[in-house]
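Just so it is clear, A, B, C, D and E label the chains in written order, and each chain counts residues from 1 on its own.
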Amino acid sequence: MTASDRPKLAVWKFASCDGCQLTLLDCEDELLGIAERIEISHFLEASSATDPGPFDLSLVEGSVTTPQDAERIQHVRAVSKRLVTIGACATAGGVQALRNYADVAEFQAVVYARPDYIDTLATSTPISAHVAVDFELRGCPIDRGQLVEVITAYLAGRRPDVPAHSVCFECKQRGTTCVTVAHGTPCLGPVTHAGCGALCPAYGRGCYGCFGPSDSTNFPSFIPLLRRDGMDTLDIVRVLRTFNTAAPEFDDASRKELDQ
Amino acid sequence: MADGAAVIDKGGLDTLIAVLVARGRTVVGPTVRDGAIVLAEISGGDDLPYGWGVELAAGSYRLRAREDGAAFAHSAGPQSWKTFLHPPRERQWSADRDADGELVVTEDRTPAPSYAFLGVRPCDLRAIAIQDRVLTGGLYTDPAYRGRRERAFLVAVECTEPGATCFCVSMGTGPAVGPGYDLALTEVLDADGHRFLVRAGSEQGEAVLAELPRRAADTATRTAAQERVAEAADRMGRSMPLVDLQVLMRESLTAERWDDVAARCLTCGNCTMVCPTCFCTTAEDVTDLTGDHAERWRRWESCFDRDFSHLPTGPVRDSSHSRYRQWATHKLGTWYDQFGSSGCVGCGRCIVWCPVGIDITEEAHALNREREGADRKGTP
Amino acid sequence: MTAGRHGFLGALAPGHGDRLLAFAQDVSFPAGTRIFEEDGVADRFWIVRSGLVALDVHVPGRRAAVVETLGEGDLLGWSWLFEPYHWQLGALTRAAVSASEFDAQRVRAACAADPAFGLAVTHCVAQVIARRLKATRTRLLDLYGPPA
Amino acid sequence: MTHRGSRVLHVGSLARVEGESALHLLVDGGEVTEARLAIYEPPRFFEAFLRGRSYTEPPDITSRICGICPVAYQLSACRALEDACGVTVDGQLAALRRLLYCGEWIESQTLHVHLLHAPDFLGCAGAVELARTRRADVERGLRLKQAGNAIVELLGGRAIHPVNVRLGGFHRIPSVAELRPLAEKLRRARDDAQETVRWVAGFEFPDAGCDHDLLALAEPGTYAIESGTPAVMPAPTTAGLPAGSDRALPIRTFELHTFGGHVVERQVPHSTALHSRLDGRRHLTGTLARYAISGRWLSPIALQAAQDAGLGDPRQGTVCRNPFRSIVVRAVEVLHALDEAVRIIDAYEPAPRPYVDVPARAGTGHGATEAPRGLLYHRYTLDEDGTVTDAVLVPPTAQNQGAIEEDLRRIVRDRLRAGDPGDAELTALCERAIRNHDPCISCSAHFLDLTVERGESGS
Amino acid sequence: MTVPLPYRVVDRAVETHDTATLTLEPVRQALRPFAPGQFAMVYAFGVGDIPLSVCAIDGLRLTHTVRAVGAISGALHALRPGASVAVRGPFGTGWQLAGAAGLDLLVVAGGIGLAPLRPLVCEALAAPGRYGRLNVLIGAREPRELLYAAEVGGWPAALTTVDRPDARWRGEVGVVTTLLDRAAFDPPGTAAFICGPEPMIRATAGELVHRGVDPDRIRVSLERTMHCATGHCGHCQLGPLLLCRDGPVVTWARARPLLMVREL
């Protein structure tokens, strides 16, 4: 296949830790194969070659936290035929969305001696709050297998097989004994979006929700379970307010918990 | 004895495992791991959970040490045998585009392992029979399942220790063993020692039994075994309402109780995953990066997944109300229409492993009460 | 409650209105209650006093399609007046509803026994149906849609 | 020449570095009057929102600062919090932590060597382009990276933001049987690592030096990774040596709890990252510093490979101060980390419990480890419930920013003295000078020592 | 029947802006013959398979009308002659026209629902005298979405109506049930066959029962998601029915109580 008829891929970074785009470089078995099928046209972390676009597929990492980024994402959308967000920052604002609950001026003062040098927005918002998004891949970080699935599904014209059900599905398929039922360990698995392969329970710890809410949550029934297993209000608010804090379901449940 | 029943001791159990391994079988049995009694490959009698029992409740499972050193005095664990016979994920076929662009489809023919399942409880033996009916009893047979099933050797163990969440008696599936086993054991622990009454249920079972150090079954052991099983029947923690459940479910489709369950249900799917008869799967199409190789896989799926019933416009069963109803009415009701029996064997796993402890027996009782209430209201 | 009647009752002569109301009993439904289901037996009907009720059609794979909402003074249900007495649509309360509920069989019997009353009721129900038909036809025109 | 007089070089966004930054260079005649590494990575305020969190949370939360070195954050956080609570983790649990850290070193350093840095020496835009001509080398790099990831995945569940680290140890520890196949894989990877050292040793290196104090952790008897005492080797010119000298100088150390008194951060207008200075002087941390401080403790095969690669023998007082050759030192570190990982696995026996209890208490704790890019320091203050009341994180790239800018100045000046190369070549040279230090921009944004902040804001 | 057989697209006819009819020929081995109302699982390489009813019975060939509504149907719709697919089948119950001998036939189609009914109409037309009067009632959203327009024009007993007429439409406007008044059939002696969106099926069948057609003589074709088509995956359940096995064609007597329950 010549360069010209291969679809063009771009990888973009907004406020983030780089981990999700690193996942692409972590596809050691697939990376060179991907590069043969797709022209990686813009990927600053990996290459200094740049291409003005347009691009067939854009992977967007990170959340919008500055006025410049709010403009830049418009450009990214304009030059992208299909835009896929990768990771909790791009999909739900990321851990930096904790600023949404606080006074950003005060946050800046804590971190920087001269806050006036820093240009930042009061909120960290997901990409979908700014432009239309074609697909959102969850996770903090995203799962390598799911990233490859998104890319191969794109190439085959298939809907990516990325189930939105709970982590419990994967936990049982993996054959892990339920940490909540068998050990009384608090676990967000029943309300968390699958995709990680139910890692934490396999390591004996409760899920901490890094893939955000599943597509079918029931917090009024679920929260009492966390309490039964020893979490107090502050613990519950904390666990909901981490890497997907701005996901509406988590945000809503944590606010209700605080209101009690 | 006329029925060929025999008695073996703990050493005989070790020999049984050794004989099965020697016959090239992968022996799977209960063993302790991660604070639970799980099913895993075992290589000898030492792997069995001697001296371990369990405390079961809705939404709770705890291991507990037993003083009597019994090997099989624990109730259903977190998995069932479907993990092995109908595994969570498997490839069915692959398709390749050859040089001319022509499709070549190749069926996956991974040789089936030759399993020996040690410690199949009567409820689970029935569950296997139910899955047999679903996957091999209709117009189409699932070849991979059939391959594994035909090669599997089943050592059943009668239930002498039901849990607080068990209700096999009211489903007619235990605690005494039903048909379908190769060997059936009943564990007896009393002043005469720790021993197992063994019966063969097939020619293969007889052949294996013949290789074990054994003695003919004595009356005391037979009686003790019968008594233990009979006592177990009296110690069921739960029961279903004594009504025709198929009819109850059919007449409860618009019951208000479903709203009550929906308020509690997390739609996490755990009940379906641990259920020994739930068989639903989803088709997964994968391609590699060349674009010339595609595969069809299937993986466990659940009616609690919103996407399970999706049509191009959205899911048919969008509410958790309708998804729980689908599961319960299928399990207890429409299973009869589809496969000629109940889909429930009374093992209680769905009760134990539901994080919020939703209890299918309690729901059935509530539906029954609601129906009776409606009946009364309807009478002048 | 005779003076200032509006909605469905307002269209009935006061005498007939009182007669009909004699069959009424007060009921209330919390928000989100399904009052009746498409194809269910139409053995009752209601006049809404307060709240909002959505009339919907279920289409598998889609969220229930709401075709109309009814509020204060509106007649909820007319299928009770015509055979085979089955609901054409479903009804779900959007907000808490209070209503007067009527037993269809008794009202039908009264209509049959007293042709003048029967005609008045049938006439009013027919007016409701005609108005809803017109509204439906107008909606079909998709007047707010993009210009073709 | 058109390039006489003053001019400005600007690189809008630097490629093949982690995070987002730009470069501004002001050249006047033959002299560089200004060199600025402008970090525009948006701030994420970790130190601010760590306040009020439970003391059990920073390992997971701070790992999200950087997707490339999450283990470094997890373990620096653990060490600081355990220090605050008066708990020491040692024995096999400490060994497992070191093993996990080796995985991150292998992964991260290999990523830099093969995918980010090597293209500079071979005239390519990136690894994908490189793979067209030197596929075997790129594939070897990917295999090595995978070996590192395999360690992190086995011990941590996944390569990025692993889930298994907790205060006091791990949530779950592996059995000997689980680790054994990994050792086999690592033994094979060791051959690849040796090959990589040979490969990069064959690159052409411009003459260059660095006149910075070198800061790294020191742990007698071992090449410090997950613990140690801060140690400083002064800049060569302080001893009258040229910047490019390969001679070691005497080392001084200071207690970790005095870190904030030695390494002082200040904010500069062009950057969302904070610049820092060590005892008032410019310093460099990372690969070259580690090699200078701990080189003698490299494993025998790593020492041999270093000598074969022309780095001399650190046991004889040889150091490497040519930042372009850092790629060779990184390759040696990969080899060492693989060797170390195999050693740990071979000696492994599961601890009786996966973690030791870390009860909360009021106090302040300090923790530092050697992230692939250099010394990463965490400090937390807890109240008696274990709530974090103050957090300070000093990442290596923020410390190195001054040194990187000085390198830029020096390298550009030297190049200009040899004749004007034109903007394109000069820009490429600058980018290389920056990539020599594998800067990690995501890490370096958003940090500040609170005490400093108060001191400066008062001025 | 878990593994599909390769077929090749030999013809593609454009029906509407989003609908095309594909004719498939076996590459080597052919599937068993299909009956009207039965369906095949047609696989688009690497994308997946979906159930498609046969819309013509033509020897070893398979003919399917596909409307592009999702990834798989979109991929199939985009295929051109020469392309490869893989097919499993035949699956499901057919219309069982044979049982309607001597009765008036009433065929009611909504939108793409005409596709599975087409072979039924053809079979009835091919056997004049075997059945009573034939009525084909067709409803569509717009004139441009009418299927098989030329062929339907040649059917002696077809009535067509649309919801949204365009400027050139001179035919009937309104939902398909309004055509029942135009059809000549004797309700007690009628067999009805209905396929279309579920609300249309409910309205039509309900009206027919009201007019006196025996619910056991009304057959409707239902749609639920299907994955395996062999009764093993559970997706296509509708209460007691596994639609891949017990459907897609079921009698109204059987379907009615199920379709009236929301989200069943």
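Observations on the model:
The criterion applied here is as follows: a residue touches a chain if its C-beta (ideal position, glycine included) is under 8 Å from a C-beta of that chain, and two chains touch if they have at least 3 such contacts.
Remember, it's a predicted structure, so these values are computed and weren't measured experimentally.
Set side by side, B-E and B-C show the greater C-beta contact count at B-E.
Ranked by how close its C-alpha mean sits to the mean of all protein C-alpha atoms, the top chain is A.
If each chain is reduced to the centroid of its CA atoms, chain C and chain D end up 74 Å from each other. Mean C-alpha positions place chain B and chain C at a centre distance of 51 Å. Chain C and chain E, compared by their mean Cα positions, are separated by 36 Å. Residue positions of chain B with contacts to 2 or more other chains are 254, 285, 287, 291, 294, 309-312, 316, 318. Touching two or more other chains at once are residues 156, 158, 204 of chain A. Counting only residues that touch two or more partner chains, chain C has 37, 59-60.
The complete set of chain-chain contacts reads A-B, A-D, A-E, B-C, B-E, C-E.
The residues of chain D lying in touch with chain A in their complex are 13-20, 40-49, 51, 53-54, 57, 60-61, 64-68, 70, 111, 115-116, 119, 125-129, 131, 135, 138-139, 142-143, 145-146, 149, 157-161, 163-164, 166, 170-172, 266-269, 272, 274, 354, 431, 442, 446-448, 450, 452-453, 456-457.
Taken in their complex, chain B has these residues touching chain C: 254, 309-316, 318. The touching residues of chain A, counted against chain D in their complex, run 13-23, 25-26, 28-29, 31-32, 35, 40, 43-50, 65-66, 68-69, 94-96, 98-99, 102, 104, 106-114, 117-118, 120, 124, 140-141, 143-144, 196, 199-200, 202-205, 208, 210, 234-235, 238, 242-243. Residue ranges of chain E in contact with chain A, taken from their complex: 45-48, 70-72, 74-75. Residues of chain B touching chain E in their complex: 92-93, 95, 97, 101-105, 107, 134-135, 138-140, 142-143, 253-254, 279-283, 285, 287, 291, 294, 298, 301, 303, 308-312, 316-319, 321-322, 326, 329-330, 333-334, 337-338.
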